[in-house]
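Take a look at the structures below.
Below, chain A partners chain B and then partners chain C, in two separate complexes.
Let's turn to the complex of A and B:
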């Protein structure tokens, strides 16, 4: 049996690591869904990592002279985290080949990037890294906008959401870019969607990705209290609703096919998710925008029908 | 020239309040400047915003050396050294505190002989946020005595245009309530002539010697330095675990805390690290037996800060 076939350690909440590896005291917003997902991931991945961080909200993790990490952190411009990861990977490989460090002191190279960098500026560097078969984990915290600068629309903003740059009555006119599908189309070693509100599913996927080699995507929906307009205490609840309505299906790509790792049937209507966020308030007030609500529901239904 | 500083926490509309005040002064024919200061920190973190207003062109830049009026939207900040509420306050400065505690009590707490005013404003749970900032602007405008009710109204309309009609009306009502409450002090704040060209003291950083690398770059050499940053100062509400109701499930609150600020002690009891809890209250929202109650931080304002 190869490593990748090992049964999971994570079946119930009680199996999750009980020690928190990531330091507290970071200046990220209270209730940050991206920080929640990253902290859960870091606890499973362990401290033997080098985090290559594209500019974004998570820039606030390590603001000089403070760091919440137990290992190294490399900061990069928005477009170039995968290129930075290549450099780190190469350096580690060379040091091991020259026996300047023993092989068992190897580190996992993790790119940490927001959706703005991942599906916009950093996409070509990401695409090239997948082409080269770079051995790295790519964690994107998707808060569906340029959260660090006041939630302007990004390529990842959902249809109809009001943002700092789409303030009109119809919100963002575009359609959310499907970063997961982009990765899958390029046959990476592994790709999965995750969310902080489902920590067992998250831990199992991180555990699986950790055992593999090659380009691996972990795409986390990151509920954003100030950007999406909800109370920080509802961060987990909003995440649960994203999964239970099918807005954020928990998917996994391995061995050439995409499967759903967690089913909630029947799915809740998308309204239950949308009505909790100020960015969608214009769909309900002053009158219900039936057309847009129906379009969002149809898009979710179709996306869910494509995977089993 | 008037130099006014507003203090609050991220999310209370303090920046908006400064804009309203500057706008109202502008409508009155003043030249104005307004500039918020909030660094990289977010909702709940201390923020301030400065307004300058003069009948002649303003040539001062940067932070004013002193303030004629300091308006504090959140009394808990007076106990937070990092918020710097009283910096640059001298015996001429007026201090305006949003508080249910009488002005004379604040005078004795703060060791000031006079020039402290208070106004009351209860903000109910879930209210739209700019209320506090707008109320501070209304109160400050009245204390200057040079802003008419009509100019304040026009500034409120202009600066709150992006909010819903209901939120606009609520904020305006709070601003006028504070305006009315401070009628007795109308005109108490007077202009200070501009100290343009006054010699500035030589900055003390000029002769700072270079630090050794492990001091200058601790984020490379020492892990987990972020715990030195006490983000617990951000909190306006405090989660408190009721030991009798806690079922020692030992995972939900701890696993979902985005900041990793809840640890589990050896007998399975969760323990909140108040130095780092930002008060997002995710823990209270996810606790199945509702064993985590929520208390206001206000009233703790005069507790001495714990050092280190």
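Let's turn to the complex of A and C:
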């Protein structure tokens, strides 16, 4: 039995670690779904990590002279966090191989990036890190826009969502880039979609990824109260609706296959998710945009049909 | 110590090898490729115990270089021209991380129009990044400055990356006799890399390059870098003295050639100084007291040494191999700033030469030294002048006319 097949230690909520590795009181927004996912991930990964951060919402996690991290952290730049991770990984490998540091000084290398960098400016650095088989975990908090600068559209913005740069009656005209599929097409060691609202599923995936080597994607949908337009207290609820409507299927890629790790059947209609967010309000008022709503539902149905 | 015939690129590779580098992040660009290929060859044959990794861009390459140096390995990398510009964001970042390593730039003019040949438009664009900046005039110096670059960059009171520059084609592919320092001597001179307490270790968590809120803390960090860079001047000088004692080769921050009693002095950087020395000799033969003052170190700018070297000279012909569009020569502005308000400061005459590999010859240098002296006699500094001949203009016009005719035949 390989490490990857070891039984999980996370079966129920009570099993989840709660060590508060990431300090409270950061300057991030209340109800940040990205921070929620990262906090849960960090609990499982542990403090023997170095997080290489791409410019984005998380840039302000550490502000001099304060840090919320029990482990290590390096602020890089928007386009090249995976290359920063490569430099740290290679350096640790060299130092251990040349016996300048003992092996127990090693760290897990984690990239922390938003969807804007992940699917745009940082995509070539990410792609190249996968090509090189870099041994790292890549956490993308997907708040479906450039959240840090006021929710302008990114390549990850969903069809029809109103953003700071798509003010028209039909919202964002494009289609959300499928970052998960891009990774899978390049056959990484592991890839999974996660969400803070499903912490047991998240913990199990992080646990699995932690036991592996090579490029590993953890793609978290990150409900964003100011960017999407909902009350911060509803962040977990919005996340649950994303899963239960099929907007955010919980997927896992390993050994050449994509599987669904958590089913909610029957799926709720996608409107239940959309109607809770101001960015989709124009689909309902002043009158229902039946065409766009149907298109969104059809796209979700088709995506869900593609995975078991 | 052995004497071998080496290209500038090979000399640089020897410098990295003798410094005992651990890690070589790489991305190809002409004319620096030979450096990385030479190192990769040695790594492949186990003559150098290091690792090289190909990146998808210079931007990523520089990020990895800074991150690896911050983790505690000795890093070497190289680029040119557009590659340096593409990496520019990360030059500022990794200098701010205080990650010490050596980046070699093999100078090549920047687009557009695109060209393969040399000038200093690329490297001078990096002068405010926080990198120390050293300029080689010969293949030997290219090697020596790599060793001095590591010694200075890694000093605990400096901890800034160093950029060593050599001129594309003119030095990168020119072979000259180079003395290779004994490996043991070089190793002792450079010393072991001590990454300090800020390196990433499981037992010692650190947060690096965190954000600041407001101008107060930002100013603090930027000024700390400035002071570290200034201090690098002293560290470099001490290291140069030590290297001279061991090898007999001087590498002062400012090279002065026959300038002590000179009435006119050439002020320029890089391989053109070899030609300028010939011009100095020729002018001396014909009775003009000429000299050369050439900074090896451009960051930190050796202001005190330059003031002293130029004190009492009548005229300086500054030859910039770069052009700050809409302003003029960068070195001219830097020197004017350094000499501003100094009693007995010479008159500065600005010449823009050597753009995109255009040759500046001995005759031309002799001629502009005369112009500089005339301007000093008249007491009026001339406007910056592009070194460009009627014949060169006619040649371009002729080719344009031929192309026009071909197109419309």
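Criterion: the second predicted complex is superposed on the first by the 308 of 308 C-alpha atoms of A that agree within 3 Å, B and C clash if a C-alpha of one lies under 4 Å from a C-alpha of the other, contacts with A are read in each partner's own complex, and residues count from 1 in each chain.
Just so it is clear, a contact is a pair of C-beta atoms (placed from the backbone, for glycine too) under 8 Å apart; a residue touches a chain by one contact, two chains touch by 3 or more.
Nothing here was measured: the structure is a model prediction, and the numbers come from that model.
Once chain A of one complex is fitted onto chain A of the other, the partner contacts of A:32 are limited to chain B, with no touch recorded for chain C. Judged by the touch definition given at the top, the superposed model places A:63 against both chain B and chain C. In the superposition on chain A, A:287 contacts neither chain B nor chain C. Once chain A of one complex is fitted onto chain A of the other, the partner contacts of A:20 are limited to chain B, with no touch recorded for chain C.
In the superposed model, A:71 makes contact with both chain B and chain C. With both structures placed on the common chain, the touch criterion links A:231 to chain B but leaves chain C unconnected. Once chain A of one complex is fitted onto chain A of the other, the partner contacts of A:306 are absent, as it touches neither chain B nor chain C. Legend: residue contacts after superposition of the two complexes on their common chain; A:99 is shown touching neither chain B nor chain C.
Across the two superposed structures, the residue set of chain A contacted by chain B and also by chain C is 47, 60, 62-65, 67, 69-73. Contacts from chain C toward chain A in the complex involve residues 22-23, 25, 49, 51, 53-57, 59-61, 63-73, 89-90, 93, 97, 200-203, 205-213, 217.
Residues 13-14, 16, 18-20, 22-33, 35-36, 39-40, 47, 60-73, 167, 196-197, 199, 225-226, 231-237, 281, 285 of chain A are the ones that touch chain B when the two sit in their complex. Within the complex, the chain A residues that touch chain C are 47-48, 50, 52, 59-60, 62-65, 67, 69-77, 79-88, 90-95, 98, 100-101, 104-107, 124-125, 127-128, 131-132. The residues of chain B lying in touch with chain A in their complex are 11, 40-45, 126, 162, 164, 216-220, 222-231, 234, 249-252, 254-256, 258-261, 263-264, 273, 276, 278-282, 284-286.
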